[in-house]
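After this come two complexes, each holding subunit A, first together with subunit B and then together with subunit C.
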Partner chain A sequence: MNPPLLSLKNLTVTVSGTGREKVLVDRIALDVPAFSITALVGGSGSGKTTVGLSILRLLPLGLRVKEGEIVFNQEQLFHVPPERMRQLRGKEISMVFQEPLQALNPVFCVGYQIEEVLRCHTSLNRRQRQQRILELMDQVGLPDPSRISRSYPHQLSGGMRQRVMIAQAIAGGPRLIIADEPTSSLDVTLQARIMELFLKLKEELRLSILLITHDLGMVARMADSVAVMREGKIVEAGKTKDVLEGPQHPYTCQLREAMEG
Partner chain B sequence: MLLELKNIKKFFPIKHGGTDKRQRFVRAVDDVSLDIASGENLSLVGESGCGKTTLGRIALRLIPADGGSIVFNGEDISRIPNRYLKEYRKNMQMVFQDPYSSLDPRFTVRHILREAMTLTMNAYPTEDAQRDRMAELLEAVGLRQPDILSRYPHEFSGGERQRIAIARALVLNPRLLILDEAVSSLDVIIQQQLINLLADLQQRYHLTYFFISHNLRVVKKISRKIAVMYQGKIVEAAPAEEIFRNPLHPYTKELLAAAIDYKAIPHGRGIQMAPKARLVDQGQGHFVLEG
Partner chain C sequence: MNKQSGHLSEFQIAFRHFRRNRLAWTGVMILSLLYGGAVLADFLSPYSFKDENRNYSYAPPTSIHFFDNGRLAWPYVNGMKLSFDEYNKRVYQRDPAKHYPLQFLVKGEEYRFLGLFPCRRHFFGVEAPGRWYLLGADARGRDMFSRLLYGGRVSLTIGLMGAVIAFSLGLIIGGISGYYGGRLDNFLMRLCEMFMMVPGFYLLLALRAAVPDNFNSVQVYFSIVIILSFIGWAGLARIVRGMCLSLREREYVLAAKSLGLSDIRIILRHILPHTLSYSIFAVMLSIPGYILGESALSLIGLGIQDPYASWGNMLSDAMSIVRIKFAPWILSPAFLIFLTVVCFNVIGDALRDCLDPMLKAEGHRDG
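Let's look at the complex of A and B:
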């Protein structure tokens, strides 16, 4: 069997504020195989976003990876210098955040923000970049790309903003996308469309996706395997079908009941 | 009927520029009628931008309607002057979507609840009466930490804040609670807990709920009737089980596919609706827009 594209081993993240250290992520292990969708599921505060941020070394001040290994494509991310990390971000691993309005810069038009990725990670000239932006926007299903590329984030709807973020995420040609609650701020019909888009892009671009969510229905629809997280620990993991049909841990059962209403 | 909305209209002007001097409007709520009987929860479901929040705000007269009437408990409140509205607002309260912005960050929980109590004079005249009422409400919404009254909103999680917002809405013993996406920003387990809490509170305080949501799955358990809204119009209204068992309008089918199966139904350029379309009775209280 091929080694996984991303492998987390014994990952521990702590926060040291006032007084003693608090463990947010507690010795978790997680593999994301190539060309698959792996879901990390948990309630709010379970530490799932922290895991996503620690992979890209984007943890907020005060949080640090205390121990453990992050292996991406057989490279130890924990020890690579900051310059190499900047190359990886966007080019090899990119992230789609939950709140597109917060993640996008309000003072630049969205075309410029997509172009930024191309400027950093490709050798395309200005005209080629303009061409590529329009292709990317078309690929994520944004109508009328030449007009929208000149719009500012506040002029777009929530679903369009999320598509802009996805265009940005795939612009550098990454192998892994970390999607942190990519649909939580959208209504259900848009959620379904964005999920469809991720599935399409996964096939077209041969992507791997680490999907962070609290919604088991979304996991059932999209993910090949799933890890359930609670209070910083992974309490259950396996193939999506096995975990959803025969949940072992009471927390997984609770999540499933919540879905059925 | 506890609340009747009759032929409500709300058009927002669109800013016009260039050489076109005609004023254009968005038909946010386009001739919508809805009834809510006492104790019969109604859910209004639709995608963002369909006008559901606008309709909820009109029902409370937080914003004026451009046409139609609002009848609460047999009395037309759509034309009474603003200064007499307090009397009605005692009986109808709102819980907003985002508990991070609906609670004042500079107020303690005590301050938040007391503000709601003192809005109508004489409801809770003494300190003792206020304290008892606060204790009762916090217990009812399941907040039991001892020092809770002196804490600030930022010290609570999203689910706890929404409980505080519910307690605040209940202070004056309202009969109708309008919940505008009240659980949408929370994770699924907290959503379920809050829905269960709302069911308990309904028993205890004889409340009627008007839910506004984009997610049919979330409101399934607690609604008696469901109305589906699309582009300012009600496209289908029926008892809850009927909507889930036998959805008739293409937009309802799309919402169900998205909420239950997480699938998108491709519709090309959206669903076409004739301007003169009317709701047609299909029997068993099931109405569908046809035209």
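Let's look at the complex of A and C:
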């Protein structure tokens, strides 16, 4: 069997506040195989976003990785120099955030913000970049790309903004996308459409997706495998079907009941 | 930007708001006149800044006559005769025998128009050997009006250049300090405090003393610009740093990092633009400080040297009360400095009003 694209081993993240340090992520292990969707499920505060950020080495001030390692494509992410890490972000691994309105800069039009990623990670010239922006926007299903590329984030609807963010995330041609609750801020019909988009992009671009969510329904429809997190620990993991049909841990049962209820 | 959807950018809204402020708009008009005068100084001034005539020391403003022997005539000036009264004070008397009509585009000293092509025509004046002084003459018989125009070149641009340099330094240092934080931030902020701690004027003098005194006027000009901006950046840097500390926690900065943008790009493109509305009016309000700084240096003889004119060194003539009593027109540069400073302050205040986010709602209604 091929080695997984991304592999987290014994990852522990702590926050050093006043006095003793608190463990946010407790010795978790997780594999994301190539060309698959792996879901990381858990309630608020279970540490799932922290896991996502530590993969990109973008933990907020005060949080640090105490031990463990992350291997991406045979590279030890905690050992690569900062400059290499910057290249990896966006070009190999990129992230889609929960609140597109906050994750897009309000003072630039969205086309420019997609262009910035191309400028950093490709050697296209100005005209080729413009061409590529339109292609990307078309690929994520934005209507009338040439007009929307000149709009500002506040002029777009929530779904469109999320599509712009996805266009940004795939612009560098990454192999892994970390999707951090990509649909939580959208209404239900849009959620389904965005998830379809992710599935489509996964096939077209041969992506792997680490889906961070609290919505088991979505996991059931999309993910190949799932890991359930609670209070910083992974309590149960396995193939989606196995976990959802025969949950072993009481917390998974609770989540499942919540989904059905 | 988005004409079809009818949206105005933030700055368009601010500009509309600004235009409604009559006082500030007047300030803009006055400043454009002053700057225009400085740019076209060689054309608009009847004489060169160093064209001296000792026979006309402290000559009063020449009166312009419209009637010749009781009949209406083309405006003209008479020659002046210099004599001394019983206290050896200079008395200038009108000499009706000499009659010089005022002329437009009169021939005078050669100069390069806008620094490009040679030209001899001056906007208005009288033919040599006649001499006239719109605003009187200084100690060496040089025309105050011409010197004011030339002096504006120094005094008005030094403020802008100083402000632009201090502005860029302040933004970049503040941005780096706020974005990276930690030890670098600590170091840069202590550096700022070092500059802010020393009273400005003494720092100005000390720095000026460190510059060789055999510099020519261009070198002196640039050393003054550099000295002034050296003092001015610290205040802005501190405030920008504070704003960056909060801006760097925004999610779009995290998103930009997660997409692999470089730190410099994030600072320049995603953080600093959000501090612009504050820094623009901060800079506008700081320009008078630079103008006054230059004037103060030149006033005490450390700035621009005679025969080159700046409003400050023209004023050094006016340091004696006796001269002001007999030739009050030598105070005219002070009036222009005052006018410029007031204009910049009024504009700065108006800019603050229309860029202040608290007033945004009102701005939208106006737009």
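Keep in mind that, in the parts below, the second predicted complex is superposed on the first by the 261 of 261 C-alpha atoms of A that agree within 3 Å, B and C clash if a C-alpha of one lies under 4 Å from a C-alpha of the other, contacts with A are read in each partner's own complex, and residues count from 1 in each chain.
In this text, a residue touches a chain if its C-beta (ideal position, glycine included) is under 8 Å from a C-beta of that chain, and two chains touch if they have at least 3 such contacts.
As the structure is a prediction and not an experimental result, all values here were calculated from the model.
In the overlay built on the shared chain, the residue A:L58 is in contact with subunit C alone; subunit B does not reach it. After overlaying the two complexes on the shared chain, residue contacts for A:E257 are found with subunit B alone; subunit C is out of touch. Of the two partner chains placed by the overlay, only subunit C lies in contact with A:L104; subunit B stays clear of it. Contacts of A:V140 after superposition on the shared chain: neither subunit B nor subunit C is touched.
In the superposition on chain A, contact of A:Q191 is made with subunit B only, not with subunit C. Applying the stated contact rule after C-alpha superposition, one finds that A:I148 touches neither subunit B nor subunit C.
In the three-chain superposition model, subunit A touches subunit B and subunit C at no common residue.
The part of subunit B that touches subunit A in the complex is made up of residues 47-49, 157-158, 186-192, 195, 214-218, 220-221, 254-255, 257-264. Interface residues of subunit A facing subunit C in the complex, by the touch rule stated above, are 56, 58, 60-61, 86-91, 94-95, 97, 99, 102-109, 116-117, 120-121, 150-152, 155, 165, 168-169, 171-172.
Contacts from subunit C toward subunit A in the complex involve residues 1-2, 5, 7, 10, 181, 249-252, 254-262, 265, 269-270, 273-274.
Subunit A contributes residues 43-45, 157-158, 186-193, 195-196, 214-218, 220-222, 254-255, 257-259, 261 to its touches with subunit B in the complex.
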